[in-house]
Structure formats: C-alpha cells, structure tokens
C-alpha cells in the first residue's frame, strides 16, 4: 500500500504541516512524520532521503521556512516526487524567502511547490500522485472535489436566503 | 502505458514548454501537446480538463504567463496532479505575476508549481509521478540523476586540469 | 432598468464585497449577489458567466484573493465589462498575488481592476459604467463626488477651528 | 453616437497607447486623442477633465508611466468611467511605480486599471462599457471574442500537424 | 518671516503629519496646516498650489498615502520646493504605493521625498531649506543636530554603566 | 551668490549626475563638482561635509548606487539641505537598493530623495531651494515650468495635425 | 585573547543585538558593547572604526535598521571583518531597506551580512572567524553544532512518542 | 599557511567567482577551486564540507544562483566561516531568489552573505578573516584600502582638470 513521508525542519513547523497529515489520513493514506533539519541534522537528511524510495514511500512532503533548503535537498537525494511547503515562519520575510528558496530549483532537480503555508494542498497533491496510478484513491479525490463544490453551493444558498 | 498531457495558453509558449516534451520523450514517456487558452478557449479548457483522467493521462503539465489561470483552472476541473510552469512571457512583470497566479492556489485545489520557465523540471516531475508507482520509470529517474552528477564531476575535473 | 451582478469566491469575502453592494444600493441600482468559485464550482462559473449579458446585467463585479482567477474567468466567458476586486484574504501574500492575478490579463480579455480591497470603488465604477449611457445615474455620480468634496472641506474647517 | 477620449502624458507614450486607438477604430468607435500632462499642463488637465462628460465622451482612457497621476486626476475631476493604462516608460522601475500609482486610488475615486502596457485591453474595456448599453457594440465584442478563440484553435491545429 | 504650509489629503493623516508641525514649531517657524485632497477637492488643490509662493510660503510639506498624488500635483502647480511624505495609510500596500507614487516624479517636476511616515524629517528638511539662506535658522539646525548627538552619547553612557 | 555642490561616489556616476549640473548651469547657478566616496574616501567625506555650509554652498546634491551611503552621510555631517539621487548602477538590484538606502533615513537626519536616476530633478529642486529665498531664481523656475507646458502643448498640436 | 566589538545605532536595537552578546559570552569570548550612530554621532563612528583593529578587536558586529549605514561605514574605516545585522526596526519597510543597505556594498568594501534580525548568527559567525585561527574556539563551534543536532533529534523523538 | 576554498555549483558560475580567486591571489593567499553542486553532487558536498576544517582551510567561499543551497549546506556541515555569494544566474529572478536563499539562514547556522555577484568582496572578506589573526595579511588589507582611496582621489583630480 502507498505511504507518504511528511518531514519538516523543526517542531515549530508542526501546526502548519499538521494539515497535510490530516488530509492524508482523511484519504486513508498511511503517513510517517519526522523532524529532519537540512541545517542542523544533515546526516539524518542524507539517511532519510537516500532511502525514502526503498522504504516504501510514494512521495515526500517537506515543509520549511526562511532559507528553506530541506525540500530541495531531499529532492537532490531522492528519485521520488518531492512536494515543498514554504512556511511563513517567524524568521521569514513575509514568506518570500521560503517561497523562492523552494520554488526556484535548478534544471534537473524539481520540487513541486505549493502555496505559502499550503500544507493542506500538499496533502491533496500527494493523494493525487498516488491516485494517478491507483483508481481507488483517484475516486476519493473526485469525491473530495465534489464536497468542495457542495460546500460552496450551500454557502451561496444561505447567502440568497439571508438577503431581503 | 502512462501518458502525459502538455498544454499551454499560446503557441508563443512553445519554446519554453518544448523542454518538458523533450525530457519526457527522453524518458520514453508518451506526450500529447495542445494549445488550450483559459481566457480565449474556455470551452476547450473545460472539455480537455474534465476528461483528462478518463483519456489516460497520468498528469497534466500546464504552462502560462502573466495572469496565468490555465494551470489552476485545469486543477479545478481534473482530479489528476497538475504541474504548473510559470512563463516569463513578454506581458509578464519579471515573472512575478506568472509565479503568484499559479502558486497561490486556495486550499483544496493544488497546483504543483516549478521554477519560472522551469518546463524541464516539470517534465522530470511528471516522470517522478509516474515513477512513484512504476519501478521501471523510477529506475530511469535514478539513472538521470546519476547523469547529472557525472556531468558536474567531469566539469570539476576539467577545471582542475586547466588551473596551473 | 440596469442591474449589476456581484460575485465572490467564498462567503469569507463578503465583508469586503459588502461595500460594493452598499454603494450600488445607495445609487438605487439593482444588485444580485452570489458565491461563484472558479476553483470549486467551475460549472457554475461557466453557467453564470455565459448568461450574464442575456440575464440583464450591465456589468459584473468579481472579488477574489490569492491566485484570484474568478474575475479573469468571468471576463473570458462574458462580453460584459468585468470589474475585479483583489482581496487581501488570509492566504494572500500581502495582496500581491491577488492584485497580479487579476490585473495582468492577456491582450483581448480585460479586467477593470480596482485597488486592493477596493470594493467600494468597484461599486462606484459600476455606477459610472451605467451612468456613461444613463444621464440620471451620471447625475447621481456627480452628486456623490460633490459629497466627497464637502466632507473634506468640513474636515478642513474643523482642523482650522481646533488650532489655537 | 458614443465617443472615447484617449489621453496620455507625453508623445513618447503614443506607441503603447496606439493599440487602444486601433482597437476602438476596429470596433467603429469614434476616438479623440490628446496629450494632457498632469504635471506639466495641469490647467489643460482641469479643462479637459471637467468637460469630458459634457463633450460627449462615454469614457476616458488615460495612460501614464512612473509616478502616474494622470488617470487618477482625470477620475478626480470627471464623473465618467476612467480607464488607466500603466506604462513601463524609461523612467519607471519595472512598471511597479506606474501600476501602483494608478491602481491604488482612495475610496470614492476609482480608476479601472488594466495590465502594464495593456492599452489594447483598455480599448476593449471601453468598447465593453459602451456595449453595456448598446446592443450593437456588445455584438461586436462577442464577435471579437469569437475571433480570439478561432485564432487559438487554428494555432492548435497547426501544432498538431507539425508534430510527427 | 519664513512660513511653511503643511497639507494632507485627509484628517486621518494628521497623527503622522503632526510631527512635521511640532518640529517646525520647535524651530520657531510659522506653520499653516490644511486638508487638501487631490482626488476629492481638486479645485482647492489648484487654488492652494497656484498661490502658495505669493502667499508667503518658503516650502510646502504634503503628506498622502496609497496612490498619493497630492505632493506631485502641488509640485506641478507651484514653483516652491515641495516635500512629500509617503504615509502608510490603511489602504496602502505596506507603503510601497505611497512611496513610489511620490518619489518617481517625471523629469521637470521634483518632489523632495522623505522616508515612509517620515513627517519629522520633512519638518527638519523645511527648516534646512529656510536655513539655507537664513543664518539664524541654520544655527538652530546645527544646535538640533548637536542635541541628537548628545542623546546618543548619553544612551551609550547608560549602557556602559548597566553592564557588570 | 548661491552655489551648489554636486558630489558622487564614482566617476562612473557622472553620466547620470551631469543632468543636475546642466540644469543648474541653465539657471545660472554656480556648481562645484567632486568625487567623494563614503566607502573609499571617508576622510574626504568628513572634510567636505563638515565644511559645506561655511564654504558657501546652499545645498548639496549627492548621487550614489547600490548600498548608497553618500547622501545620508553628508546629511549626517552637514546642516544644509541634502538632495539624494539614487543611481541604478551596474551593481544595483534594479535600483531598489539605491532608493531604499537613500530614502529611509532615520528621524533627525533627512535626505530629500528624488526619482531613480533623477539627477535633472535634483538640479531643479536645488534651484527651487535657492528660489525659496531669492525672487530672481524663483522667477527662473516659473519660466522653466512655463517652458515645460509649452513643449507639451506643441506636441499635442503636432499630434492633432498628424491625425487624418 | 580575542575580543569582539558589538555596536548598534540606538539603544532600541539592544533587544535584537543582545543575542549576539549572549552567544559570544556562551563561547567565553570577550565582548565590548557600544552605541555608535552613523547619522547622529559620525565623529564617534570615525574614532571607533579607525582604531578598532589596534584596540584588539578581531571583528566588529554592527546592527542597524532602515537606511542602515553603520555596518558599511565601519567597514569603510576599518580593515577588520565587519558583520552586519539588518534590523527590522519600527521605521523599516518590512526589513527590505535594512537588508539592502547593508548587503549591497560596492566592490572593495565587504560587509558580512546575516539574516534579518539574525544577531545570534552574527555572534556565531564572529566565533567562527576567531575559530578560523584558534583551535580551541573552533572546537567550541563544533560542540555547539552538535548541540543543535541533539536538540532536533530529541524533538523528533518526542514527536514519534506523541503519535498514536 | 592559510588557505581558502572557493566552490561553486556549476562551471557557468566561474566568470563571477573568478573575481574572488583573483583578489585572493593578489593578497598572496592560497586558493583551491572546485565545482560542488548541492543538488547534483550531494555526496561530494558532504565529503568536502565535513573535511574542510581538517584540510587546512581558514574559510570557504561558496557561490550559487536561484534556489541557492550550496553556501547554507556547507555551513551546515562545516565549523568554518562560510562566505556566500548570491549569483544572478540565468535561472534567477533578478537575483532575489539567490540572495534570500543564502542570506536568510536559520539561527545557529550563519552564512556571511555579500552583495549580488559580489565575489570580489567575498575574496576581500576571506582575506580580512585571515587578517583578523595574521598581522601580515591585515597590513595587506590596509594597503589595499589605501589603494582604493588613491584611485578615487585621482579620478576626482582628473574631473577637476577637465572642467573649464
């Protein structure tokens, strides 16, 4: 069965990254969570990244803020798709540093970047990657999108009723 | 067999997007290419996006510049992973508009964004998505990354030899 | 009689967009309000936009935040003037993403963009568009501008009186 | 019959603004063109703006670069819809100054801002404003949009034929 | 005797602009304060600016936020030195719009721009302009700068004493 | 008689700063030009700045690029009005560094900042500062502004004649 | 024995700069702290900077905000390595002015710039500079980095235990 | 004797980085140059960085562009001072990505960042770091700075002579 790894540079990133974990659990996808710091535990970064594809992961979600090197370094060391979540951490300049140091990877080493603090979308994207080859998960994604639509339709209905 | 759709808003985007096509062909992955403009052919956008997953695609690569709505609108209509390529087109403000209007998607509808003009990386990411469930493509990605390494090592060797 | 449609991507945009509704009501212009999400209800977007001009609207005001595709997609599907309101929503990067993804539309498909969170001005602009062919509404706009002037003159007078 | 005024701060803005003139002539809409500088001919600015609505104009298109005050000052003095074209002139910082000094108008005095150098879209928007109350012009806008679509479809066809 | 005019677009700008008034009073320079809105009271703007030099002012300090046209329009109409204060008002995008629409004036019409919310420095600059031809005011500026120095030296001394 | 000092950090800044010199000569104002580098000749900077007001200057125009410290350091050491010209030099990031390091001076030490590369306006501003107390120079400024107006009117006339 | 000077433009910078002092004391490195304002005490700046290398300092850490000239001016006057700390002070535009006016020094006069408010890293960098020639301090740096690693590993362990 | 390592991510960075090499050779400091790519040769990055301090280097100069992870990853793995050179490479967004992903390192892992393309200053900073403990190199830095001064003085003299 498919499994996703969610890693982040610091426990302080957990409140943002939790949304990726929750959405994956909602899709009944197995998730492993770990703290891996590119700058403070580079050996663990190597160990984790080199073995991610043989350890049964389908993709890696990596979140980091400021000069965010974690997603790019995992992508450097693993052949798996790596989803990067730029985090607007306390040491970030309005998130611009986080975004640019994750997004602007050189030719040959992509990181699939989502919106600032967009961990929820990172989880959905991981599900879509699994769903790309797994009809059952794809159907769950289709259902999820139906749910988004219904919520908007319901909100629109309530707005209509409120208006005099 | 897996297949990738590469769409772009205008034929003027082809020189940038060709790199995605080339890299996918290098991985022996089937590619279909089309012009789909969110703003000028919205009906074609709907038609294409609604049916992409039943038409056998594993993922969609969408490139656009300026107020770039194509990747996000495909992602709105398709359950497949959508890879967005921000293009620094002539009407773009140094690429910032292209990046932000592709990257900053709302919760629920992710676009896997790559670097500005990063069509090559979009191709590799699509291969990695297929490789995530297809051992044979994964091995090709591993080989590709070995090739990147060797090229750097070779360049370093030449530099050493040149120095007196 | 002239009628304006005010649409927005989410009920959370209502506090900002309410200012457009209020100003239009102040000009005695009929307003219809609806929630239409480009990313979550694309079919409703199509339905609404394709028929806006036959449904009696003179213009559409569309507000959205982040990767804001709603105004541009309405403009893609409708021949009416579309006024875009960039919203500084919680998932926006200081509003830059909202502004650029509404303003930087490609040649052929304009969106009349107003200031960040400038829904009040969107309402006035819609009134001016109607007033462009309707002398009675134009006179109301002239009166409204007189009111702005008087308020400033009054403030200046109070300032003069306060000073010793 | 409807008439549009196109004004700009300097003759050096003409190459950009010509696209607005051309598109309006393509829609058979009468256009008057003039040089009006907010900073060098403030009296002419007043004269022009105060009388634009009694001189038979349906809307004003104003283009300017750098600290671009022309569109906002016309909007201050005229009850007509004013369309602002930010111009990336030689003294502009990548166009950011032009965009922000046109877009960010205070509550009460809107300027309908289009993309950087987007004079073509300014022309189309002016046609849409007229079309909002003039069925004949609205039909021309609908036809124009059909033309955009056909051009993209044709380009897509040629791309298909080229591919081996 | 020399006299400075301090004008601003709205009474809400007064808390920022008060610092210019206070510093000028501290230099015993006469100050007149008024509300003049480029966008809401354009006629008053003309009246004030055309006559500022014959009304005995040595310079004008003008503060405004957002698409800030007041300083530039005063400079357009008056031969006096105009000092512009960009204000980070509630409708401003972090102050960038205020700064750029005041600073980036075209060749021929300068505005002496100070830092964001830098009304205090606008007051000092006005004093320096008067001091440029008035030895008595120049001496006050020299004294003022001595005071700045002493305050820093005193702070440094206290820091030294605090340290163990 | 009044005299202006024009200083710049490097001879490579001369092509930009020449416009300030030319405009001042056009106003028959005496100009002294010198190279003073804050970073490479700090002693000369001190010497020059400390004595500028006793050496007969009415104001100092200082131009610099990148981390542009020259205008601010002159302002730190002289009681005269200092006009700063941000230069888009080859080592500058699109001019943003030059602008911000000149404009954003702390409270107490103003620099009258003009537009990027706006040396011409720096010259006019210096003339206006002298004109503030010298009726003869003020009249020249008034004449200069008349000239600007006539040039625009003439351009507008030619545009009218060209049009069929 | 090695000694580091920590200077800042104002006592209000102390809360940020204290982290540099603390980290240096943690490495048992002697620190002298002083207030030196480039703009308000230029003579003290000269005195301090000219003599820093003969007064026994190994490096200077200088912190400043806004148009931050202190680090660059110390670097102009001293042959020692100068570490610049951009401070997001109250008068700074999100820190961009502080960063650019410290980082973008011209060729010949480097400032070793650290992250916005990164005084802690400035202290570590100063220790590394001393450690570059002092084996005992280098060993302390190595130990410090081990401590960082252990803290992350411990956090990762706690995360694992918390998860069900 | 002291020795500096200069590393860069690609041979295409050599034209920029050569200036660091040249300046160090001018100071008679031994330099080793190598290509080390964080993203394409991560094992070599580890090998190089872990051993840099035992291999006799006093400091490492690392240059990279785009999402520039090389300087930060060397700093993560080595206790030596690491000087980062942001490079405006072809895949960089005006250099902002290079700057932010090098400068904004998290607490604990500093990179001494110099200006965009500022390799020359990186070389001088490395010399200053050695000079911090080596009187002979410090004297060379003092001499170098004298040379900068003389060049400016000479330029100023030529300017004076040219003027009529």
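Details
The letters A, B, C, D, E, F, G and H name the chains in turn, as written, and every chain counts its residues from 1.
Going forward, a contact is a pair of C-beta atoms (placed from the backbone, for glycine too) under 8 Å apart; a residue touches a chain by one contact, two chains touch by 3 or more.
Model, not experiment: these values are computed from the prediction.
Path length between chain C and chain G in the touching-chain graph (shortest route): 2. Comparing chain pairs A-H and D-F, the larger number of C-beta contacts belongs to A-H.
Its interface matching that of A-G in over half of the contact pairs by residue number, E-G stands out among C-D, A-H or E-G.
The distance from the centre of chain E to the centre of chain F, each centre being the mean of the chain's C-alpha atoms, comes to 18 Å. In whole angstrom, the spacing between the mean C-alpha positions of chain D and chain E is 35.
Our note on geometry: chain A versus chain D, Cα centroid distance of 42 Å, whole angstroms.
Within chain G, contacts with two or more other chains are made by residues 10, 40, 66-67, 91, 93-94, 96, 99, 103-109, 111, 115-116, 118, 145, 148.
Counting only pairs that meet the touch rule, the chains in contact are A-B, A-C, A-G, A-H, B-C, B-D, B-H, C-D, C-E, D-E, D-F, E-F, E-G, F-G, F-H, G-H. Per the touch definition, chain C reaches chain A in the complex via residues 10-11, 14, 33-37, 40-41, 44, 66-67, 91, 93-94.
Those residues of chain G that touch chain A in the complex are listed here as 94-96, 99, 115-118, 145, 148-149, 151-153, 155-156, 158-160, 163. Residues of chain A that touch chain H in their complex: 9, 38-40, 42, 46, 66-69, 72-73, 75-77, 91-93, 96-97, 100-109, 111. Interface residues of chain H facing chain G in the complex, by the touch rule stated above, are 2, 53, 58-59, 79-81, 83, 99, 103-116, 118, 120-122, 124-125, 128-134, 138, 141-142, 144-145, 148.
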